[in-house]
Structures are given as structure tokens and as C-alpha cells.
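The two complexes that follow have subunit A in common; it is paired with subunit B in the first and with subunit C in the second.
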Partner chain A sequence: MSLNYMVPVSKFKRYLPKDYVELVDYGPFGKEFSEVGTKNMGKYKELVEEHPMCSGCWMAYYIKIIFASLPNPEHTVTIGTAGCGRLAISQAAVPFIYGNYGDQNAMASGITRAFRLRFPDQQKDVITIAGDGGMMDIGFSMTMHAWFRGEKFTTIMLDNEVYGNTGGQESGMSIKGAVLKMSPKGKNFNKMPAMQLAITAGCVYVVKMSPTNINKAAKAIRRAIFAARELGPTFIHAYTSCNIEYSIPTPDVFKDAQEMAKGRFAFEEFMTDEAKDLFTVVEAKKKKEVS
Partner chain B sequence: MSLNKKLVDMDYLLNEAPREQHFITGAQAMAEAVKRASVDMAIAYPITPQSEVMHLVGDIYAQGHIKEYYRAEEELGTMSAIAGAARGGVRMFTATSGPGLLRGLEAIVSWPGHRIPCVLGVLTRVVNAPLSIQPDNIEMAYLMHSGMIMLHAENQQDTFDYTLAAFAITEKVDVYIPVSVSTEGFFVTHAKGYVDMMSEELAFDVIDPYKAPVPAMDNEVPPARIQRDAPVQKSNFMSYLIHSVWQQEIWDSNRRAMKYVYQYLGGPIEVIHPDADVFIVASGCAAAQGREANRYAEEEGLSVGFIKVKCIRPWPKDEISAALKNAKAVIVPEHNIIGWLSKEIQASIPNGGIVVEGPRVYGGMTLPVELIMEQIYIALGMDSEKLQA
Partner chain C sequence: MSKKITVGPVGYMPQSAPSMGVELSPEGKALLYGNIVEEEEAMRDAAKALLTMDNPTIFPGPMVLWDWRDDVAEKSAAILDLASEIPNCKIIPMPDYRPKYPKIDVKAEINPNHPNLTILDNKIKACVFIGVHCHYANLTLRMIRAGTACYTVAMCAEMGHEEAMASIRDVHAADVLRFRDIIIEVRNELGIEYTTTMPPENPSLPKEDWGALTPSDYGEYRSLIMSKKGEHVTAVE
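Up next, the complex of A and B:
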């Protein structure tokens, strides 16, 4: 694994921003998950530190977990779209493409294929990270068709059940009856069944969760990335509340996420037989390396 | 490439390589250019009259001339995937028509700002209601404000040559913005014409994704983009500033492409009878009709000049202004109702009042040479008897 492209020559190093040098020296690049990863957050230079998200934002917390879980951050590209999430994702020390509205999975289809043409021997992980509006409303066709085509990248939906960034409008992922902007009398149709859609469209690994358990969340993200490398599209549907638009007091954000974990975001994990076999091999190998 | 092609530079390919004459459609001409352009990946989505082009490009992929090809979900998906793949450092091609272009326009207009080098075929067609599949180039008006380079082919030969040249221009380090090659649907795409082509064993040099002002986003090339920086999301002032300097650079890149238009296309305009008082100025298929009107006028002993505009962006303002310096009247035949070309010409000369806005046909009508002749007679102050003839 080559990190040469990001390591500065010694004479130039002192002229570079401190943040950059610290990322090279103390960041997770080129290191094993057991050395860095989610278990050691706070003990190394993380890929996301400061961000402009609202106080108590559960989405910002989950985005930190996503970046701490990456198996190979030096060969990862993330793609997102308009929405709250990209405010934090764009602060991560990983190349990020800010696409047009909802086009993240189409763009990922192009770049994943380009990487496979140019780097047949070097795995490049492509991950789209977008909100419920970007994935299931405006980007719906491009999300679904990337899955139907079997594109080998990971899709992560940050579901806060509302258009947070544009000021609290109803989304397809809001629950029926929710009174939001643009649904002044309450939403009159059901929350879209994203997990079932992903399975139907051919995703080989799909998880729905409220990420209250950091290690469980990390395991799902890593499984999704490993399966996308070898087998096909993978999807994580994560609850990332909007404490502003749903008026969740900051001290209660975690409690709300825990309640969701018992409710409509109860943990569900789908995998194909091939994905199951792959995880058995990958996870056994990791354990062996650690011991 | 697995077909053991001889890779050559674009100067040799376009201007020196021996050619043989073929009798093919415009769609075939565009696909034959793609075949010789070392394209890595093409993304297709059907729309009449473009579909033929991407069918043929699909065949070329199946024959091994292109490494990757797929049919996308619709045009926004196509154009977005182009933007993703080009960032991955591969050479890209797609083509569309009228409503498809407009459906993909959100992504297309972001390509120049994202510094996406690629070639877009535009096989023109009606977009406004009532819907029609017929040729009408009104969609080009929308592209004129996108920042991309726009070439407009008169016939099958131009379609072949301009498409090849487009691949070289788009990847120039001092340009590095997308290039569109337009030509009229059906009139050119589905009609045969003579095209001189070089051997298909020759191909344009492969892309070097690191020879770029904005290198490929492949985590292989320094400087690594690992700084935390989202400038446009800072203060409004920073946002204005960054957007404005960035867009200035896009339009400067567009203007810098002009020297390559000279290098590969012999300049942005072609002029016949530069000393005439009355000029016909046209682009694309209308230029073919304008050329014919010019020939009629010559047969009738009338002094009429002709200017073909090959390149809509960068706009050859200086060249057109100089060529029309002594003109008394400028007739601008067009295949659209709004007259985007005549408006550009009016804005390029100090005496815009001499521009005759038309004749225009739209909705797919052919452009009879007689309509252009009628304007010539009026401009020359000829009698009404002649007009009726």
C-alpha cells in the first residue's frame, strides 16, 4: 500500500498546514483498523474533527463513525449531495465529490467503473453518503438504477426523516401524519420502505439501524464496504435524527436514537449467501491477524 | 488497447494521416470518430434522433475499441456518471438530443466548473411543445451559457473531424472543459454524405489524467486532498469570491480553446467572397443551405459573401466582426425560432441593425434555399418581380 502521494518531502513539510502534517503523521492512513478505528477514537488524528453541524446533531456523530470505520481511507472517495450531511462530510480528510442534486449514485457508478479500468490491482472504495431526500426522493431513480445495475459501491443513507438543510420539509422517508413544512396537514402517505427496495433492487448487503452502538455501526459499515468490493451494491439505512426540525432537546438526542432502535429503526441485517461466506473469510482473517 | 492500434497525436491524425473516402451517415461519422479517439468509456441513453450514434458506439465497444459502455437510467444519470468517471481519470463520450439534453442539463452545466473533460454529441431536435422528434437546434441556446466549448458541424465530414478534434481540445491543460459537437438530427445523422477517414488502425493518444489543471480524483497524485476545506460553505463573501474567480477561469479556459480551434479546424469561421456587400452567416446544417444559396447567387452574377461559423463557443467575435467590417446586410438563416445565432452576430458588430433576422425554420422543416435567396434579393434592392420568381 503506497501512501507516497500524501506524504510530503521533509523540506516542504514545515510549510504545510499543521492539520495536514498531523493527518499524515498521526492519522489513520495506512494503519490497521485495530490500531485506529472506532475503538480508538480520541486517541489518533481522526478524519473528521470540527464540523459546522448543529449542537447535538446525531448525523454529525454518525458521520464521524463512518470515517473512523473506513478500511482503507487513503484509497476512498466519498460522494454526496446537497443536504446537512455534506457539511460534515466535506470536512473529512478524504476526497469528497459534492455532486448535483441527488445524483450521487450515478456519479459513483461512473467513478467506480473508471477506477476498475485504471486500477485493476488496487481496490478503491467508493461510498455515497446522502440524506433521505437525496437518496429516496430527488435521487430515487439514480439510487435504484445503480443498485439494479449491480454497481459495486456502498450507499449510506442518513435518514433524519425530513429535509433538514432546506428548513424542515416533508420527505418520502417522513412518517405518515408528520406535520412538517410542505405537509401542513400532516404527511398523507407512508414512509418509503427503503430496506425492502434495496433488497429487491439487488443489494447484496443491507442494514437498517439506529447507530447507538458504535462498534455495531462500524461493523455494518465495514461489511458494506467489503461486500461492495467483491460482490455488488450494498446499502446502510441509518437513523440520524434532526434534533432541530423534530424539536428534540439536545440532552435527549441519544435517548431518542435508543427509542428508534427499539422502534422503526430496530436493527435488521440482510445478506446474500455469498456475502455471508465473504464475511466469514474476511472476519476470520482479521481475527487471525490481530492474534 | 487490445486491438494493437497505432497511437498518434491529433495533428497527425486529423491533418496528415492518409484518408479514404466513405459514403456514410452523420451518426456513423460520429461513431467512426469515437472509434479513433481511444475512448475509455461511453454511456448511452436512447432518444431520437441521437440513438443511432450510441447504438454504433455500443457496437464499437463490443468490437473492443472502447473498454466500458452501459445504458444509463436516463440523461441526468448519464451526465452525472460522466462527471464521476471523468473525475476517475478516463476519457468519456456520450450523445443526446433536445429533450434529453435538457433533462441532463443540470449535470451538463456543472461540468465546466467541475473541470470535466469529455465530449458530448448533440444531435439536435425540437424541445418545446408540441413535442416532435424533428431537427431544430434550439437546445444549443441553452448550452451557450454553460461554459462548455461548442462546435457545430455542417455535414457528415465535419461531424467526423470536429468530434475527433473535440477529444484533443477538451484535454488541453489550458482548456480542460467539456466540448460539445452539435449537428442537425436526421438532416445529417440519418443522411449519407462523403466522409474522408483515416485508417481505424490509427487512434488518438490515450488520456493522461495527470496532465491536467485539476488532476483526477483517484488518490494517487499529490497534492492529496486531505485538508479539511469546504470553501464555498464559508462566509457569503468567500462564497461570492470563490464562485466568481472560478467561473472567470472557466470562461477564460473557453477563450483559450480558440487557438486549438485554429490548430485543428483551421479557424472558427470559413469565409467565401470576403469583399461582398451582402453576407450569409450560418452554422450547422443552415450553413449547407447558406452555401448553396451562395452558389445560386454566384450563378446569377450577384455579389454575395458567405461565412460559416464552426465554433459557437468560444464565440469568434473578433473574426466575425472583422469579416463583416464592410458588410451592408447580413442574412442569418437558422433552424430554430429564437435566432440565437443572429443575436450573437448582432451583438458582435457595431452596426447590428444590418443583420436580417432570418430566414428561420423550426419544428423540423427543411430550409429551402429560395428563402435565403429572397432575403438576398431584398438586401440587394432588387425588384419585386424577381422576388416572385
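Up next, the complex of A and C:
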């Protein structure tokens, strides 16, 4: 939770495993986004590399983008819950807190408030990353109430439209008629309107997307984090297919994401006027710094 | 002295030390096999174990590996001094507590979620935990007692650990150096001849001399670093 945690005691550096030495020497800690970030992925030691996700998992890819987009990884905490996603999130070189199923946004509320009291001069970013089940079904009340209270942290929903980790049950985010292994008759109800719920509940920045464009995805994540620091809750609803439960052949996972980007996950961005003003300032400042 | 906490393996899901009546030692005292004893007695028994059992290893945790506070460097230097006085001692770090999937490198690190893998693979029969946060140390020590035949020493900066065979509390740099002196003393008593040697560095660190590599060392990727026909590369790193 500070840059000092990433600096080994000099005498112990030769006893650290290679992975950690590389993170210290070539990792993104304390560096500018232009030096590391999504545009340079593969050229530096990334925060999450090995993971136990399935071959072709689009969620694992998006999680890599999330971690490559962090403005201040040394001052970030992620909070997750049960599901496929946390297997990769918990392996990232960023402090991770595992919430009981669904309570990640309640925990994030407390942690955000505690950070603001404990470190009034240092911006700490809190990000909850959970699946559609953890966020919109079982964690629904805690997600909504965190938004209603205007808690200043970022919520990212990895929507694979199914309970992929437990064998393919329908979730609130599955589309109507979806036939899954554990719902063989097809789902009877509509997909929940997560984006509209977030806007109604008071999120200042909301994005729905299928993350096929890395830079666009990174921009949305960074905007969500910047807005959460200053203004209020932010929400990203990202399509991260489950190629196992939806039987998408691995080579077609990207094609499926592209089709979603034209369909029900077409890019939508909502921001309040205050958020718009903030982005104008933040992004102009960054351009000036780069030039 | 009856031994309440003994070297394992005591089996899957062992009864926890507190439920067996083991209490944390008061200030100035230590725990040895679950009994409250003088610090020196616990240190001498731990020293004997480290000097006589196979593959003694020190497991430094994140609190002594990372330079997060001003006093860490002093304590870390003392730990290395201690390691250098134990014959054949290795240092295997626990840099953080993340679970390691799909597989941990057991030669390079130890993890609190499956410490038995590192201990069994390296055939470690005596070890010291230092600089590990207490809640993870408790978990780790109990797992080691459950599944391995390893003598555990907990050098804790707080109140110590019931699950360790020897638990010394309120350990700071000066206490580590005191333990080092006791190790030298016991070593001399046992008649072990030894010259101070630093433990070997982490085996996962690269040994290659990158300057001496040829394109053939890159195997199937050599085409990526060799110029194409007619291509003239002028820019080099």
C-alpha cells in the first residue's frame, strides 16, 4: 500500500524469487502510465501473469487490462468475491481482499472511508471486481446501497452471463431464453438493466462495453478510477464471456466479443457534468505532461 | 517437561495448540513444546535443532523482506548474520501471501497457503519463521505441524505462537543477534567446526551471462532477433 512495500531490503534482494526481483526492477510501480500501461504490455513485468483460468478465457484477458490500466498500483486495493475472476485477481501483485460472497461493495465502503481517515494526504484507490452473480444477484443489495450512499470507489462487473464457476446456472444477467447446463428449459426473465440501475443509484460515471479495444477499455477504467477519487461511485459493466459454459471455441472468443460489441454490449458511456469537467482537466494535464 | 506440542506429522486437521491448553508466554518468557520456559532455554533447544537436523532453513516474511519501515534494515542484517552462523542453512523467502497457481516454485519460495510443499520438497527438518504476520504464521505453523516432520521456531515481534515447537516473543534485531550468539555457543559445545558462510542466493535468479548468448540459444524464436534478407539494422539497444 505504498511504494516502500515494493522496495526490498538491499541485503535480501539476492534471496528474493526472480518474479519479485523483476517486479521491483521492471514492474509498473511508481512509473507513469505512458512508460508502462496497456500500450506497453509485454515490455514490462505485468502485475498479473500466470493464472489458473481456462484456455481462451476472456475474463482473464480483461483482468490483465484492468491491472495494466491502474493509475497507481502501489496505492490500490482490489476487493473480489467467489467466482472465476478472483482466481486471477488474487494472484496480482496488488493487495487483494476476498469478501464473503456478494459483500465486496460493503467491504469497499468501509475500506475507502478508513483510507480517507488514515491517509488524508494520499489518494488510495479501491476497486471491486466481481462477476455478475456476486455483483447483481447475491451482492445486489450491497452493491446498490454502496452506490446510493455515494461511496467513492470503482465497481467493475465481469459479466459472463452465467454462474460459470459452479457449473452453468442462470444469473440475473443471463439473457431471456438462455439455455444453460443447469437451466435446461431456458431462462424465463429478462437480463437485468445494470447500467440503468447504476445511473439511477447515483453513479457519476458508468460504462457498458465489450472490451475488444484495449486502449478504449483502459481509458474507461482510468476514467472510472479518477472520477471515483473525486466525485462518487463509478461502474463498469464489461462483457467477459465464459467460453466453457457458452461452448465458444477458443479461437472464436474474440469474434464473439466483437459481435457483442455490435450487439447488446455496444459501447455506452454515461457521465455527469462534473465528471465531464474532471476528465477534461485530467486528460488535458496528462497530454501536457507527455508533450 | 511434558511435550504438548511436538514435531509432526500429527495428521490431518490437528487439534489446535490453544485447545490443548497451550497459552502464550508472558513478557520475558518463551514457549518450548507448549510449555512456558526461560527465553534462553527455548533458544538453546532451537539452536540445537537448527544445528543437528537436516536442511535448516530460515523463512523471512514480508515484514523483514521489504523496506517499509526504518528499523527493518537492521533486523534483516541480523537475520542474515544468524543464517551465516548455521551450517548448510538456506533462506527461502515468503515475500507475500498470494496463492500461487498453477504451481509454486518450491525451491525459490514458501507460501502460507501450502507451506508443506516447500518443506517436503526441500526435506527441511528445522526452520525459523520471522517477519511473517501473526495470522498467517499461525496458519502456516499448524499446517507444518500437521503434515511434516519439521521442527518450527517462531521468532515473533508480538506475542509468539502456540503452534511452534519453540516460540520466542518480542523479537527485534538485538534478540536475533542474541540468538546468533547462542547458536555459536551451542555449536562450539557440540564440537561442530564451521566457518561463517552466507547462505546461497535464490535459485530462481538467472545464472546466464546474457552477453554471451548466440542466436541459436533463442531456439525457435531466433528469427525474431535476426535481420531479414536485405534488412540493415542500425539501431541497437
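Quick notes
Criterion: the second predicted complex is superposed on the first by the 287 of 291 C-alpha atoms of A that agree within 3 Å, B and C clash if a C-alpha of one lies under 4 Å from a C-alpha of the other, contacts with A are read in each partner's own complex, and residues count from 1 in each chain.
Please note the rule applied: a residue touches a chain if its C-beta (ideal position, glycine included) is under 8 Å from a C-beta of that chain, and two chains touch if they have at least 3 such contacts.
Since the structure is predicted, the reported quantities are computational estimates derived from the model, not experimental observations.
Touch criterion met: A:119 reaches subunit B, while subunit C stays clear of it. Between subunit B and subunit C, B contacts the larger number of subunit A residues. In the superposition on chain A, A:91 contacts both subunit B and subunit C.
In the superposition on chain A, A:21 makes contact with subunit C only, not with subunit B.
Of the two partner chains, subunit B and subunit C are each touched by A:5.
By the touch criterion stated above, A:106 is placed in contact with subunit B alone, subunit C being left untouched. Once chain A of one complex is fitted onto chain A of the other, the partner contacts of A:50 extend to both subunit B and subunit C. Comparing which residues of subunit A touch subunit B with which touch subunit C, the overlap comprises 5-6, 17, 19-20, 50, 52, 87, 90-93. Here subunit A touches subunit B in the complex through residues 5-6, 17, 19-20, 23-24, 27, 49-50, 52, 74-77, 79, 87, 90-95, 97, 99-101, 103, 106-115, 117-119, 124, 141-142, 144-145, 149, going by the rule given at the top. Listing the residues of subunit A that touch subunit C in their complex gives 2, 4-12, 14-21, 50-52, 87, 90-93, 96.
Every residue of subunit C that touches subunit A in the complex is listed here, in rising order: 60, 62, 64-69, 72-73, 76-77, 80, 91, 93, 95-96, 98-102, 105, 108-109, 199, 201-202, 204-206.
Of all residues in subunit B, those touching subunit A in their complex are 40-41, 43, 67-68, 70, 72-74, 76-78, 80-90, 92, 106-107, 110, 209, 217-222, 224-230, 233.
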